[in-house]
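Each of the next two complexes has chain A plus one other chain: chain B in the first, chain C in the second.
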Partner chain A sequence: MAKENLSVWTSISFWRRSAAWVTGFATILLIWLTFDTMGQISMGTDADLQKGITKRVPAPTVINYHIDYKMSEKRGHEVPVIGKKEPFFGKEWSPKEAAALLHLGKLGSQAKNCMNCHTLLGNGAYYAPDLTKAWLDPMWGATMQGMTGKSTKEEAMAEFLMHPEKYPTHARMMPNLKITAEEAKGLVAFLKHMSSIDTNGFPRGFSKTVDQFKAGGTNAH
Partner chain B sequence: MLFDKFTDVVPSFFGMLNQGPLTLTIFLHTVIVLPMFWIYFSEKKKLGK
Partner chain C sequence: MLINIKSNSLTNAGQRIGLMYFRVAIILFAAQLLMGLIAATQFVYPSFLYGIFDFSVARMVHINALVVWMLYAMIGSVYYMLTDETGENVAMAGLGKLAFWVLTLAIAVVVLVYIFVQIGPAKESTIWLINEGREYIEAPRWADIGIVVVVLIFYANVFFTYLKGRKTGIMTVMVANLLALAGLYLAGMFFTDNISMDQYWWWWVIHLWVEATWEVFVGTLAAYALVKFIGAKREVVEMWLWIEVLMLFGSGILGLGHHYFWIGTPEYWWEIGALFSALEPVPLVAMFVHVLYDWAKEQGESGEKSVITNGPGMAWIVTNAFGNFLGAGIWGFFHTLPQVNIYTHGTQFTSAHGHLAFFGAYATILIGMMYMGVQGAYGVKRMKATFNSKMAIVLITFGVLGMTVALTIAGYEQVLVERAELGGGWQAFFAAQNLPWYIQAQLWRLIMGLVTFVGFIYLLLDLLTIGKKAKAAEA
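Showing the complex of A and B:
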């Protein structure tokens, strides 16, 4: 009998087996990756914070701590460093209160559509400054506290959010979005918590603008 | 340096694969393509019979 169809490339079973292998492998891999991601992005607990366990996303009670942003030589970018306790709006927030405040802030950020102009964790626009690490911006310290006449960073931020039209901080000024005092508190908590999230150094070059600011330049970019 | 220290915050299997010059893409292509050589040769053997 003559030898016919000796090429593997025209053999149906070869393609069938290859396709089954690639599809099967990819399916299992995607399921595995999904669960791996869940572990990476799940929020830590208040107990983790007290024990000093580093989580990519810390518990809402992180608003009770001082948050620093330091260059890590090992990782090649800045990482949030959770420091000592500090009062937030003059008090320490319980896990329940902190979660409720953060939730209010998150809803507020959605209701006021912050992402229409700003970027939060990589989502949004670049018409206005990136808010991912906004809490760590030194501008909220001396400059904004001076402008608003408030004694703390969080109060200065809340005041700015309620009356942005009064404080020219950026080339494109933020409109007054009629944010209430309670919402402003929530938004500041939301921003403080966001700045404590380990984003693998995103947004890149944050320290560069901080240095520029300290040298007398502007953080508006 | 060929092998860097593991630096991820949350250790994971996929994080380990991403250290140094080894990327997830290179790793996955390797593990997907290698068995396909075996599939190819086993099919060739079957056809020759």
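Showing the complex of A and C:
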């Protein structure tokens, strides 16, 4: 610079140095937090599930357990609650089998481009319902089991995924994505696993007043 | 057709490569708008192209064309300014030209596969050959690797030219920022069964691009454009640029936390994400003030009005200053706090913000850079806005603002009815989607999308003809 600077506030080198320090500091903090988060969101193990140790992202064998989503007084929002064992597609899956099924499902979720209509963990497109807690959706109960003629939730989901055009619920329908029976099982496992992830209470009050809404009428007595 | 833009007057190889990138960017911009119109139509008439060209396909090409045209225009801008800033010819320009053709061919193949193959079986081969199914970075793995190679060549062009030439503040920021921008792409190139882990790294690419490195890139382009268009003082512009870098990276890097509220990541991201992302609008205000201040200052100096050398270019830079602040700053701040975001996350609200932010922060300034390219290509000293330039900027800006307002209204409906009242889920989702006000908003979004498209036609016409007209007028 030709003229000497009168004030530090108009000095380029001051701002350059400050920019470098601030950027460096923010980057280091982000990397440090990333290490901590990586530890917390790594998948748990089957042993964790058996011992009842809560993980933010449980092991694939969580598909062998009943999953619920309940208000936690302590945390002030809903959290996934892993309950008793229940069969999944009529059997208990070994850690190896469960991991393979989840792998198939996660691959399927990407290969079929789910995210460009739906949201997963709230991220994606906004043309179709959020899938974060789709496993827990009341629609899979009486409505979809009735429509598909299947006796369990997982079978109804798999049937719907294979032939969504046969079971329309609204004018906006899911297209047939040529999902095979095996892939459908994988996708259901992926959805069940996702519903067991601790999402800090998102979505809030999942489907809480849907029954009331469907019943119609008034809430006044 | 775009070959019509002559580049005989360009004095260096970098500018010629820049123009090549601009031409493809415009074509991809058109593709983005067409796909958007299809997707918007499907919101209103769900049977439109159902089973043939579903929403997921239209939407994927819509957002991919967006990202790629912007990257093309960004790369084009860098090539365009490289020799001017460094005072040196582009190092290894031949390789840069080859890289352009390789990248363009690869992108053509990717788009054709998206459109005609669309999806594949749940196998690794689909991820490698068809699409990765991860929003914004769907490009299959083979293309990812190709992109990395091409970007390395591009970076070598920039870096070695920088090394042998003048090291201006603008170029120093550019070179450092491009390294971060390119490196971040690698965070999106792996597969994991853990969806939380997947989303964690996915945001490294998406957020640290659009809310950090791309913003710094825009600051750099604006600095260069102000020097070029209105003769702003380099010392002032560069000082502002460093302040912007400080504030953009200071808020944007840890602002990443606002994407980690609900994806399985720990609660401490609530506070970190809220604090830093709430600060993100601050640099955008600074950039806005800076552009307008410099403009007013140059206008007032030396007694008489100083000359704006590129009228339409400058108009888009000023629109950028407004749009960045409004779209990224205000619309982003609306829903950045976790207390609000728990309801707004993943609704049309996000879509409203996305439309205005991508337009205001990026599309505007990149269109401005294309006007700079046209001016250079015809060797025009002073380029004034034509009727087409004015129609383009008015219709496109009005169209995007209209879409944003419509989507914001749709977002309110969705947030309050689907999320707050009914708690989300399948039935709750459709209850909100079928509300008359929501449907009305989606119809307005489609209409405003058409307005935007008409504006684009004017823009295309203008870019094709303005240079020739201005040259003829000067002769």
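Keep this in mind: the second predicted complex is superposed on the first by the 175 of 221 C-alpha atoms of A that agree within 3 Å, B and C clash if a C-alpha of one lies under 4 Å from a C-alpha of the other, contacts with A are read in each partner's own complex, and residues count from 1 in each chain.
Heads up, the rule we're going with is that contacts are C-beta pairs under 8 Å (C-beta built on N, C-alpha and C of every residue); 3 or more make two chains touch, one makes a residue touch a chain.
Please read all numbers here as calculations on a predicted model, not as lab measurements.
By the document's definition of touching, of the two partners only chain B reaches A:74; chain C does not.
Looking at the shared chain after the overlay, A:104 reaches chain C, while chain B stays out of its contact range. After overlaying the two complexes on the shared chain, residue contacts for A:54 are found with chain B alone; chain C is out of touch. When the two complexes are overlaid on their common chain A, residue A:82 makes contact with neither chain B nor chain C. Once the two complexes are laid over each other on the shared chain, residue contacts for A:147 go to neither chain B nor chain C. Touch criterion met: A:6 reaches chain B, while chain C stays clear of it. By the touch criterion defined above, A:201 lies against chain C but remains apart from chain B after alignment on the C-alpha atoms of chain A. Chain A has more of its residues touched by C than by the other of chain B and chain C. In the overlay built on the shared chain, the residue A:119 is in contact with chain C alone; chain B does not reach it.
Put simply, chain A uses residues 11, 18, 22, 29, 33, 36, 40, 56, 198 to touch chain B in one complex and chain C in the other.
Chain C makes touch with chain A in their complex at residues 39, 42-43, 46-47, 50-51, 54-57, 59-60, 118-124, 126-127, 130-135, 138, 169, 191-200, 202, 235, 238-239, 242-243, 245-246, 249-250, 253-254, 256, 259-270, 272, 342-343, 345-348, 350-351, 414, 419, 421-431, 433-434. Chain A makes touch with chain C in their complex at residues 1, 10-12, 15-16, 18-19, 22-23, 26-27, 29-30, 33-34, 36-38, 40-43, 56-57, 60, 77, 99, 102-117, 119-130, 132-134, 137-139, 165, 169-173, 175-178, 180, 183, 186-187, 190, 193-194, 197-210, 213-214. Chain B meets chain A in the complex at residues 5, 7, 9-10, 12-14, 28, 31-32, 35-36, 39-40, 43-44, 46-48.
Residue ranges of chain A in contact with chain B, taken from their complex: 5-8, 11, 13-14, 17-18, 21-22, 25, 29, 33, 36, 39-40, 54-56, 74-75, 79, 198.
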